[in-house]
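Labels run A, B and C following the written order; every chain starts at residue 1.
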Amino acid sequence: MEFLVSDAKLVSGSRWLFFHAVAVFAFLYLPIAILILYSFNGEGVGGFPPHHLTLDWYRTLFADGPIWDSVLNSLQVALAAMVIALTFGVPAALALERAQFPGKALFRRLVLLPLILPGIITGLSLLMLFNVTGTKLSLMTIVLGHGTALISVATTEVFAGLQKLDRAQEEASLDLGANYWQTFWRITVPNLKLPIIGAALLIFTLSMDEIAVSFFLIGRDNTLPLEIWGRLRRGITPEINAVSTIIFVFSLVAIVFWYRLRVRGEGAADVGTESVDVAEGDAA
Amino acid sequence: MFSRAYKAAVTLPPLVWVTVFLLMPYLLMFCYSFWSVSASQTIEHSWNLANYGQLLRVNVYWQTLLRSMGIAARVTIFSLVLGYPLAYFLSFYAGEKKDLLYQLVIIPLWVSYLVRAYAWKTILGSDGVLNTLLQYVHLTKHPLEFLLYSPFAVVLTLTHIYTPFAFLPIYAALEHIPLNLVEASHDLGATPGQTFWKVIFPLSIPGVVAGATFAFVLSLGDFLAPLLLGGPSGIMISNIVVSLFGAAYNWPLGAAISFCMLLLVVGLLFFSERLEKKWSFS
Amino acid sequence: MATVRGADAGTSSRTLLSIRNVAKRFGKNVVLRDISLDVAEGEFLTILGESGSGKTTLLRIIAGFETASAGEVWMGEERLDRQPPYRRRVNTVFQHYALFPHLTVEQNVAYGLRVAKRPEAEIAFRVKEALDKVKMSAHAKSKPSKISGGQQQRIALARALVNRPRLLLLDEPLSALDANLRRQMQVELKSLQREVGISFIFVTHDQEEAMVMSDRIALLRSGELEQVATPREIYGRPATAYAAQFIGHTNLLKGEVRAGVVRCGVLTWPAALPDGPALFSLRPENIRLAAGTPAGTGSVRVRGKVRHQAFHGATELIRVECGDGLVLVARTPGSGGALDDVELEFSPTDAILVRESPERI
């Protein structure tokens, strides 16, 4: 069996690994492929084989008012959440990378916690906060929920970018007479452009998709996922397949874009494990 | 190098926000768990341990928690079984295609959870794609009932969702193994198989621990998949919490369970972190 | 194109390794062209070259981490390049040591023996022996991260040698060490090789290192062998301009031969060569100050002005402008004072005819 010859290509000895990989990719993508296929099915979401391929469901979708209202709501929430997450997440990354202060370890863990803690816990605790302060539930409360939970995404993405930043550049700027504020805007931020854009993209996508936190903080207006959720309880139609397909396509584009941006900033293997970098960052 | 003013400027705003919107809510939840709900559906701030007592005594909570942990454990094992060889293949055998294949793995990761859970729902139902397909090719005569509204469906769906989560840290760990270590192992006479067990796998253990932790913790607290696909036999601990905040209206009890979950997750994170450090050699 | 063959191995013994017409391409990039070289049993051969010369690639082909695009490698009666690295009786000392971080020093050294499933008692004995030989027994239970670079290098050496390979490959193992440690290790490696008696192929870009340690040097330039000879031979009789310049200092003199006389600017001397252009290498230590002494028979003399004097302790290197654009570098005793107008002298036999070294794409 050949293995890892430097001019590497797909080598035959690794046959079973290759088939395993194919099987896993099939497992990951077939359900989505089936879902997309059945969005064109005239007869309904199940049943094999699909008959009567049609665009009717897409037509129904485009005429569906409440769905588009919820899309609008989701967009507003996503944009606002993006602003909050970046406004607090970027400084948080800077603070973690540069400052020492009492309680820093706790702060770091707290910021990272929403990444791994089940979303409902974060959602519920915020619900209790709003309840105690008498705040009415609305899109605003959802914005606060998403923004808070997604600070972790902004922080981890920017932190990874900061580690690649050559500190000597900022020192040179200070040496040449710029103060901290000027250095921040002229040197630091431009160097963080790629991670910040990448983070923005990711935050936006995740917010559009978010259910667990939103579930508890919702007022009168639905976000898109919750609107779909409500439909699911009433009955399943391929219209849901249609909207799911569209969501998939948009997510696909956004994620590929995000990935390309990140790879431009650093090596491909580090993309996706930024939370590990931040968690270990304290040791540096 | 950075002035105190600079450090204060970058530290204070996020610190304040996170304290107000993360730390305090968790603490508030902790407080709620000691309160109780009165007969007239209002929350009384009478501090007691009644809720925790209930958790210990009433069977359904224990059973559900254990079932949830069982499901999470199965999801973790399957995710690792699916994810590790995939990561290994990408890292050592994929050559030029590595980048493209990596993108293909992370795309499902970020594409709507709801969409993917829904997809499985349409596939596994008695009128779903899988059952009708099996009947169409005459492999079965009647729909297989266990496919949907069962722990099986939940495990299957959660494995689908969390395999990429398990994959990521494993792949990163494998990529960080210096190539010359693999070459040195071959040079000293070890076959690729021996090299894997003696060099590659030990050095990838921190990634495995991280991946397993992600998969386990995230599946343990999942509420959407059981709600869509679990049926009565597939209820998980988060569903109980959700209903306590909904129809079953008992916020304090719900808060108690949530807080226990919070402690469990934090405990697991500490444990896995220590395990990772122990197995980290670089 | 003439292939330089490593004939007449330094110690007149059998050929261990035979590299035959090996070439290597990475995509469009040709890294090695038509390399043929024989390595003798028990010889210390250095592959010397600049970065990009292909020396590491050649080593990796012998080790088995690259496959040649053309050509063959034979060890004894067997095709070596057909075998995967883990079946070759060849071991490598890597440039950055490549010690396994999760194993102790002892476990690192024992690795090859464990993999070969040798009995435990034998492993323990041989590991101890190897560690003693590199003077690292005290650190047997340490992890690689806890020992210094120089110590890691010794462990890498022990780990390779304990398997008693037929051939040891060393990929610039001393490049990460500081100067003093380097010199010390050069001596140790040389005596170690004599002691164990197996062939060493040593790769480096440091020509001094190559001269100190090697039985023979194979000089590689842009993927081709420039010259393969003992250090004395390569120094005293370089075959090409590149060889003359890469190893030690030299003056390259472009001249024209006509009727048995070389004319090079203001210099002339007799030479039994065919008419035409010729290139000569003249080492600085072969140019003396002709301080008022009568000219020896046949020696060439020239006057010039000293432009630069560099003090090197025991000697000095002086740059002398001799008119007509000719500049000579001479090595003089360091005890002389500041020099201005000088007369230089050398013997024609010290002007070695060398081939051109054309640019290679």
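Basically, contacts are C-beta pairs under 8 Å (C-beta built on N, C-alpha and C of every residue); 3 or more make two chains touch, one makes a residue touch a chain.
Keep in mind it's a predicted model, so treat the numbers as computed, not measured.
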For this session: With chain centres defined as mean CA positions, report which chain is farthest from chain A.
Result: C
Problem set entry | Best-connected chain pair, where connection means C-beta pairs in contact | A-B
Exercise. How many Å are there between the centre of chain A and the centre of chain C, using C-alpha atoms for each centre?
Worked result: 56
Exercise. Distance from the CA centroid of chain A to that of chain B, rounded to the nearest Å?
Worked result: 16
Seminar exercise, completed: chain B residues touching 2+ other chains are 183, 186, 191
For this session: Could you list the positions in chain A whose residues touch two or more of the other chains?
Result: 3
Seminar exercise, completed: Touching two or more other chains in chain C are residues 65, 84
For this session: In the complex, go through chain A and note every residue touching chain B.
Result: 1, 3-4, 8-11, 13-14, 17-18, 20-21, 24-25, 27-29, 31-32, 34-35, 38, 44-49, 87-89, 91-92, 94-95, 98-99, 101, 107, 110-111, 113-114, 116-122, 124-129, 132, 144, 148, 151, 167, 170-171, 174, 180, 184, 202, 205-206, 209, 211-212, 215-216, 225, 228-229, 232, 236, 240-241, 244, 247-248, 251-252, 254-256, 259, 263, 268-273, 276, 279
Exercise. In the complex of these two chains, what residues of chain C are touching chain B?
Worked result: 63-65, 84-87, 90-92, 94-96, 98-102, 111-112, 115-116, 143, 145, 159-160, 163
Exercise. Along chain B, where are the residues that touch chain A in the complex?
Worked result: 1-3, 5-7, 9-11, 13-15, 17-18, 21-26, 28-29, 32, 82-83, 85-86, 88-90, 92-99, 101-116, 118-123, 125, 127-129, 131-133, 135-136, 160, 163-164, 168-169, 171-172, 175-176, 179, 182-183, 186, 191-192, 195, 210, 213-214, 217-218, 220-224, 228, 238, 241-242, 245, 251, 254-255, 258, 261-262, 265-266, 269, 273
For this session: Spell out the part of chain B that touches chain C in their complex, as residue ranges.
Result: 178, 180-181, 183-191, 194, 198-199, 202-203, 281-282
